[in-house]
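What follows is a group of structures, each given as structure tokens.
Both complexes shown next keep chain A, but they swap its partner, so chain B is in the first and chain C is in the second.
Right after this comes the complex of A and B.
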């Protein structure tokens, strides 16, 4: 991320206070989903995580109860950047794809070229429907010659099954039969070594393999959905608790701590990674075509290969490639020394877009936003700003702060 | 088979009537065409075959009532031997008690109805007029390729439709809006009181579908069928049965230079890059052409012959969900003489006879089929083709065609022990009208939907290669992206009943697909 010098805070807070008024919306609690659509599930690691909670702050992730923050978000952030952060990521959706035509099925399913994916390798994928709109994205694992696993943020079983018509392939939802633990941070490898994951230091980035730990098989991948240096462990639910305890015990001397969902979100925003359902609507959740996105509009062109064989959405994407983008997924930095809350991205009097995820990065001392912007504000860079409301007692103040486009996601932590 | 020539301009898959029509039009436009038919005879569901030696019958379709005269003329079918044994075959609703009803607007027939119900006699004229005016709104859409949604032509067509609709008087307009989404059963209940009249009119709407009389959307189906019939010239029966019609069509196609091969099932459609380059037969022979038209079920064409991996998953899912389950069985009987139908005038034995005494009987049969069985009094359409065409049976003997409506594709507990019971039920029910039928039966053949599938290569035994539901007509047939006959694979077209305007002996899918292919070629 380039350093910016011409940024300044043009607003005098004291002057703003005069114009401030209380916004009742600030005091409302909002529920995103209707009650009937909610599920209350516990992950196999729920008791272990609960034992680490000093806050009793929980949140909902895909219907699972997960910790929002376990101790203090700033402490957790420091652990992630300087030691290693342990987290329960079992609520991710996991699909087992197997059978004689599994590779052919995935070649038609994903927009990218998966032919280079070897056994024990991983590959980020995006998949589209017929109109070229993104249905979802995820990480594809190859577990065997004819066996793959797709890990996604949102459920996709129906689309996977529709896509399987005409292929000798079996698709199973293994989400609840597979627990997942993430271990992220600069000391992750050393902690795994200490916990007897023999030879983990030889595991290359994006690779995965089986380890036998305390007579339990654990599949470890050197991956992170947040894009940072770290590992993800895929274990049987009945073994999960033991592995978790093992890591906590061996990690303590290194400063390891259990962390919650809020930290995962901050790391994700720092990495500039869109989350399905949060930063973009999957094609089947978007009510209007305008709310759906092509991979190009999500900045995922790198996951699309139009020149290999057929895949779902290819014809539409060929046309979309030369068509103007309707919106673009971008990352913005907002120089303000404390967390801000805002949604709109403005350019003068115009709305330039909407911030879909925001986070305060303690490493950078800045606010970051992932935003869906109208493309005309990218082509001819205009000065963007955000308007945030800050609460002081029963008053709110409005601050207007310049927002700066960040050209590409830059990993915040040490390079993998 | 081993043809010396392997390279053509166009290959047509399937020698049903639509495939033959498509091939003939393409050849007429100067294309070198190869037609490959899987079975050892052409015609698909149009066939004249022996029930038993010396008794011949149209084993599948019976009548031609939707074939545009233009196709007959363009292809000079009369010059290739097509003769008609009967024209303007009337439809008669058989009454189990007394007084059969001829469904027509002739004064004499209306007076017969008036004796039963004065109200219905008046209502019948009004009803016919109403259906005809609705049909006239749809008719202009049947003789051209459906519009792609969003196309400007689609918008102007819609505007024209609204404009024509606006020409209706206020009462008709209101009636149209009320009737269109509804069920034929409710519409008839509102209009009439005579059970056999309602039964026959409902049967006419529903024959060849799996829909029930009180299913929403069946009014539209009735209007659609009526509109298709406006293109034809009344119900005609070819001399020598429907097989003779196919012979004329095949002769016309051959005369125009089409190379026709039977017993040559296509196993694969060959693609290079993103364009079609030919086909491979089950015997492993390959033929090359830059265009391929397939008259078989869209699903079979695209999933079995082409392969799902060349198509988008959404399209594949939509194709795999095309409802394709026929609910009509065919019973063909050889008779030692004409049975006596009480109250039927001698001249009326050549008519199309409908055995559906009431809406309740139809509803019951439909309900039974849904349960995987059949009604004890099935509803049926009966003809004696040998009355108008004595060549079909020995002198004094006859053949009888019976279409039994609402026979499930799969029976609860399997069909094996039920075939004979279904025949019994059909014959018993018919014996109410013709008590001497049983003693005249020489031989017979029952074709269940699954038999029709096997015999004619008709997927699911469905007459239409995919049900003619309102949501599967026009620009939605067989799926929105395939409605203009083309497919995502350049050079590959659909030309069978699965495409607009649907099943029945119309030849229209074949003709319109040929036009689409010719237009594409001309541009290329």
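Right after this comes the complex of A and C.
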């Protein structure tokens, strides 16, 4: 007999239906008001963030109101790179995956090897469907032997539940019962120390653990969108406001400031990280199969382990590994001293690709773009360029600026 | 002697489209409509001051492409987009359709968080399938057994369109065209409410229920005109300001602006034939009008069986036409209301109530309703659609009062035990009112006037054989190159200069106005070849 335990579990539809029942608190808003009454909901930190807003500029992230810019984008950027930036990241989707076979299920679900993930560790994961196309990516936390948390940019409950058939696991959407705060920047460890997160300096990169702060449990992970100079705090919604205030109070002497979604996007582009739904389409939302991507096409080959046991999409990915890429996710630097707006990436008269996210990096003094390029333009060192239109009064000036391929994240500021 | 380049018989959507396209191309067009209003778009006063569409529900399915090409907004058309509608389900439950992706997902999550997530995949697959179907709808069909070079090229083109589809996708497409709606929806959704809601939204006018193999393709209809990403919500309902009659008026304005002529209350009784060639038409008043090309927007049966002496038609045609299935399924009930109807099951202020409100029942009930219809039973628990256009268009009713346009589906043309009588009509109206009143307290007391039209009434007044709005049942054997049947599928007929431009031809109701636009192109080419004018 194989030890492939999932084969021995008949589909227990009742148990499956139970696991499909999300946390009842998740959609509690319905008891208060009908779904159409408010398109964009408030996060548990909304009032705290609003108190910091000098601009009253807001945006919509996954159906929640988040600050676009709180003070001034250049000030916020400076705080991120030279002090520490506080942000509300509660609109991320969070799933609790628990049960006797949680590890076995996730080994089947994710493309990478999760066996190395210890309790209180984190691991970036990508997950695919059977054709080898990426459904989504996220950060996997291991909270206990049989308890994991998956944090993603887009909702994946249906795919998680469908994939969980046959496994003794429970999948719950805990998105709205878990608030999240990001603290990024070189001084973030010192701020946490000052705020009585005792021993936070011993927390290794990508590790996480529980802290008791003012009698409130806070799960802190040394993770950040832009690499290792930051932390993310996962707290109960009712405690979130207090933790936020605590950090602001203790961080003020270090120059801590609350920041908005625009800054998060800039940091993400500088880190070269693709965002689902913006830089790539998940396999279930790509209308044309051509616009879905394999992990290799997204530059996520490091998150795929073809040599371990079976996982969803493995056979297709084996074939895809040696097949030519149809498009490739790349980072471009455009040397122009002020923010430019553009979409197309040109190579001579040809269209080489599309810029999916762009940002102006004040540290580097240049524009950065995350782009989906046709691979033939990577092989041949042809001159890539972008075309931007700039307005001067009633005149429109067209500028053509060379675009250079950048490998890896842009080097940013001092490491902590 | 009156002479025109083109005569279009019948002012339905396809007739108006054909006339407008040809007028725009420079032809001298005359459109002849038997009634004072235009086809099912005709409006009337159900009570003084209560204006509403007499036959159609009142939502618009006009393709955006047609509106733009014919510049209908310049000719007065104003379209309003509202949320897609509400289904009132068993046990006081409801499901609404919202255009906004996030709100729509939350609406689905009310009954099943998993289904909320599945919506994106469902919408993705519908958008992909619609994108595949669209080119087939704008392609002129032709008899596959006819071997002209142009014909073979067309067939190869169609084959090529399919060959370029990947194997997985082809598999998906096949599922959509063979599975039942219920099975197809179960691939995505677990909640009965969600499945019933999505099925009810597409089953209006269908002659088969959600469990009938092939009914899955109906689910595509709302997505045919849909743009936007998979993350968006449900397709919108579109209403024209002033109702469907305003749509017809915009077409007429476009035809006239391009030098065409539109005559109402001008009934064509015969086609004037000379040596198997159509030369003109004679009207009920004895008038004779001549033209180089004649297009008929009447359904297939009415076209061939009433406009021609049967002995002049090619042998076999009369019989073949007689076998074409036209089936009425829909009764129309027009109601003037003293006040807006209330639906307490739905939270107050729900914007989806501006779209169509459906009394849907379960998938089983909807399937059984169509079984009843097949048995020619008077409906017991039919799918009922109600639209209150005066909620968004205040000009339709006096201040504070409303008109309600109701379609009852699954209504047979002839009952198993005899024809529709006045008493039978009243029973049907009573059933509809009772069913609506069950969900809308006080509804009965708000009724100021009520009119009931069953399929034979619609046939008698508009001319649609059997009261079939689709001008021919839309099952695969009567679609694409089989519509209306193989030898007649390219709008051309055995009679020279005589063309069929109604929805009895491809693409039928899959693409409203499509048959008219396509027939117009064919006629323009034919006239152009004969040097009459150069098509634009």
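One rule holds for everything that comes next: the second predicted complex is superposed on the first by the 366 of 416 C-alpha atoms of A that agree within 3 Å, B and C clash if a C-alpha of one lies under 4 Å from a C-alpha of the other, contacts with A are read in each partner's own complex, and residues count from 1 in each chain.
In this text, a contact is a pair of C-beta atoms (placed from the backbone, for glycine too) under 8 Å apart; a residue touches a chain by one contact, two chains touch by 3 or more.
These numbers were taken from a predicted model, which means no experiment stands behind them.
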Partner chain in contact with A:309 - chain B first, chain C second, else both or neither: first
Greater residue coverage of chain A in the superposed arrangement, chain B or chain C: C
Touching partner for A:159 - first (chain B), second (chain C), both, neither: both
Chain B versus chain C as contact partner of A:167, first or second or both or neither: first
First (chain B), second (chain C), both or neither touched by A:289: second
Partner chain(s) touched by A:342 [first = chain B, second = chain C, both, neither]: neither
Chain B versus chain C as contact partner of A:77, first or second or both or neither: neither
Which superposed partner A:104 touches (first chain B, second chain C, both, neither): first
Set intersection of chain A contacts, chain C complex versus chain B complex: 159
Touching residues (chain side chain C, partner chain A) in the complex: 83, 96, 98, 100, 102-103, 105-107, 109-110, 112-118, 120-121, 124, 127-128, 131, 166, 168-169, 190, 229-231, 347, 349-352
Chain C-touching residues of chain A, taken from the complex the two chains share: 17, 20-22, 26-27, 29-30, 34-37, 39-40, 60, 62-63, 131, 155-159, 161, 173, 277, 281, 284-289
Chain A-facing residues of chain B, complex: 274, 303, 307-317, 320, 481, 488
Touch list for chain A against partner chain B, complex: 104, 107-109, 129-130, 159, 162-163, 165-167, 309-310, 312-315
